[in-house]
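Take a look at the structures below.
One chain, chain A, links the two complexes that follow: it is found with chain B in the first and with chain C in the second.
Now for the complex of A and B:
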């Protein structure tokens, strides 16, 4: 078990990366995203309620106020369950595959597992994101038809969006495992 | 090379014995299906395995030994297990052993090949046998030569091979420990084969039960009609208990519906019926629609939106449409005594489902707004004629003509009187255009509104028809049956021991479930694109939003 190291994401928010090494061919990278800040929550709630109060002053219907409360509650629950990701994990098991898990703030977890037979390589790519150019880590999948082609690019850590220094750490560890696996498969 | 061992979690507490399962050399993985316990005769084990192989068409072999040391470590057992590897030859020979009170297992491989014995890295993956057997992986793998036989290992993914192996060996899981055979197995069903008594009984008894139900219903309705309940103590109790009252109401209602006596009068016929209320509401609605249309026409005949209409044409068209509305209202009022009856009999078909009710609603809307459809057709025809006339006379104005044979515009020399009359007509049509166009616009908008409402109802019917309720219910209640993939969880590790993982089934998302199992629909969608629709509207051609069913097959 290692100490969690501090990095920052592309917007300057604080990220914590924790690396776990279970065996020479099995490693896990856990990236924790910044939590929901009280300031943004208060701002959103206040704006919704101010708008509702303005509407109430116009039409004098108290249903508007209750509707605003419901909307705020449901909106918060929906945001926590479907949008806000707390932690993203990448688990590499040499000769089995790569697994990516996202845990939401409400406790929901969504997992994707890609078998090692489909993985061509793990690379750091550049992308144009709004007005910025950012780096992101992605998994290249093999094309069943064309042996040298790439059928799909799967980005990793999509909602955490760490910067290049964090990505380089993860990239180096992944390449170690992939290289080790190729060596063992070539020697057998 | 890394060796992967898939071990069923139900066998973790089984007694010592032999491990049987499937070995996939290309992926270097061993899928363990069951444990054969002592005592056994090797020859019988081999015979049993060949029988299983014939049924499941998967090579099931003895993979190694399993040693569960519940008491102190027994040396003799260890030696005995080593000797077994000589009887059942398999490369590599697995030896898995578990100490008492320890979570971590020992896992070794014995290799008889010539050459340096490699220290293989072993990964132990626990899987839930029952769930893996029942689950179905999406998207389904199709083997290259399209045979329903064994999936060839290099092409298939490892997970598909695991699921396939467990699912095909169902015959292995049919023997439990109460069987008197020579082989004693341990697997997920070894405590007793799962079967549901209710399902078996239901299968046997379905036909007699249906007959019994119909007899009972006739008996109950006959009983209720009898006079026994009218005697004093029973009738007093009956009236005091509210459940009895409710039951009485329901039974009476049912009796009414099923009885073959004619109703005394119309109101009694509809007594507890919402159809009556619906019918009573329909006539005022039709009246209201007609009144609104009349107001609209009066507005058009005046000065609509500040535009000045041609007085004479305006009056003609307005009076024509008003008379049409008057006729329509008279027909509706003529029909009003019969509407309740018609609605009642039509509403009986509602027992066929919600989609039938929605379609009936759509048809009722179409019938109620039939005059709007008529107005649209009149307005569109008039406008269409006017546009064609205008375009043809415009060509005459410029000295050209439409050549029907060659499908193009040719120049043509007209006589003077032709030109004179043509120009006159052109001017007349041109100045009457705003009036006709306005009527056309108003009625087209109304017609489009009705079409839109009907379209929404059709969409809803389509949605209900094509939604796969069983698949969604399965995804809700037994989510492991529909698998999008697997997920691994790393269990507690100890240095020097093999890596332990838990394999769980990752269920399919709801959107994928609906997309994969969508039922085919019978609805017909409009063929026109938006561009051609606008073009038709501009030229006054009639729009038919739904073609007949035979035209569109998917």
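Now for the complex of A and C:
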């Protein structure tokens, strides 16, 4: 076990990367995203309630106010359950495959597993995202038709979006395991 | 071959002057149409000109079109940008068919696409001091 290291994401938020080496061919990277800040929660709630109060001042119907409270509560629950990701994990097992887990703020976890036979490489790619150009780590999948081609690009750490220094750490660890894996599969 | 250059030429001076005269005439005509009352125009004999409503409506339409064009262009650019999980961020139709000929000694190698795995190895593994500060 290593202690968590501090990095930042593309917007300047704080991320913590924890790397665990279970065996020479198995490693796990846990990236924990910045928590829901009280400031943004207060701002959202206040704006919704101000809008509802303005509407109430126009139409004098008190159902608007109770509807606003209801909407705020449901919206917060939905956001925590479907949108806000607390932690993203990348588990790479040399002979087996790569597993990505996202755990949401409400406790929900969603997992994706890609077997090693389909993985061509793990690379750091650059792409245009909104008005910026960002680096992101992605898994390239093999093309069954063409041996040298890439059939699909699977980005990882999509909601954490770490910066290049964090990505280089993860990339180098993954490349060690993939190189080790190629040596053992070539020899066997 | 006639070369294309933006330098001033006598023909271009004539084009410019014709454009200047016609745009000034067009503007005077527009002002006449907009300001002179309908009855005066009818008494001269010009009865089939468009309604004066359009003298105000067309400039407004033009300005709104301009504003929408700025927003629309921005939107079209964002729609055409490949998403992060698109294969087009990595490869292309041309790279699939590129030739694998070995370059000769002392000759400039042919232009071709370097696979992204190789580029990554070069940047992040071979040149360790390039990106890490510590």
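The criterion applied here is as follows: the second predicted complex is superposed on the first by the 188 of 188 C-alpha atoms of A that agree within 3 Å, B and C clash if a C-alpha of one lies under 4 Å from a C-alpha of the other, contacts with A are read in each partner's own complex, and residues count from 1 in each chain.
By our rule, a contact is a pair of C-beta atoms (placed from the backbone, for glycine too) under 8 Å apart; a residue touches a chain by one contact, two chains touch by 3 or more.
Everything quoted here is computed from the prediction, not taken from an experiment.
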item	value
Simultaneous placement of chain C and chain B on chain A, clash or fit	fit
Contacts of A:124 with chain B and chain C, given as first, second, both or neither	second
Touching partner for A:45 - first (chain B), second (chain C), both, neither	neither
First, second, both or neither for A:72, with chain B first and chain C second	neither
First, second, both or neither for A:159, with chain B first and chain C second	neither
Inter-chain angle, chain B to chain C through the CA centre of chain A, in degrees rounded to a multiple of 10	90
Partner chain in contact with A:8 - chain B first, chain C second, else both or neither	neither
Touching partner for A:99 - first (chain B), second (chain C), both, neither	first
Touching partner for A:112 - first (chain B), second (chain C), both, neither	first
Touching partner for A:18 - first (chain B), second (chain C), both, neither	neither
Chain B and chain C, minimum CA distance [Å, superposed model]	17
Contact footprint of chain C on chain A as seen in their complex	120-121, 123-130, 136, 138, 140, 146, 148-155, 158, 164-165, 168, 171-172, 175
Residues of chain C touching chain A in the complex	78, 81-82, 84-87, 89-91, 96, 115-117, 120-121, 124-125, 131-132
Residues of chain B that touch chain A when the two form their complex	1-2, 4, 28, 121, 123, 125, 157-159, 485-488, 490, 493, 499, 501, 506
In the complex with chain B, residue positions of chain A that touch it	22-26, 28, 91, 93-96, 99, 101, 111-113, 115, 117-118, 181, 184-185, 187-188
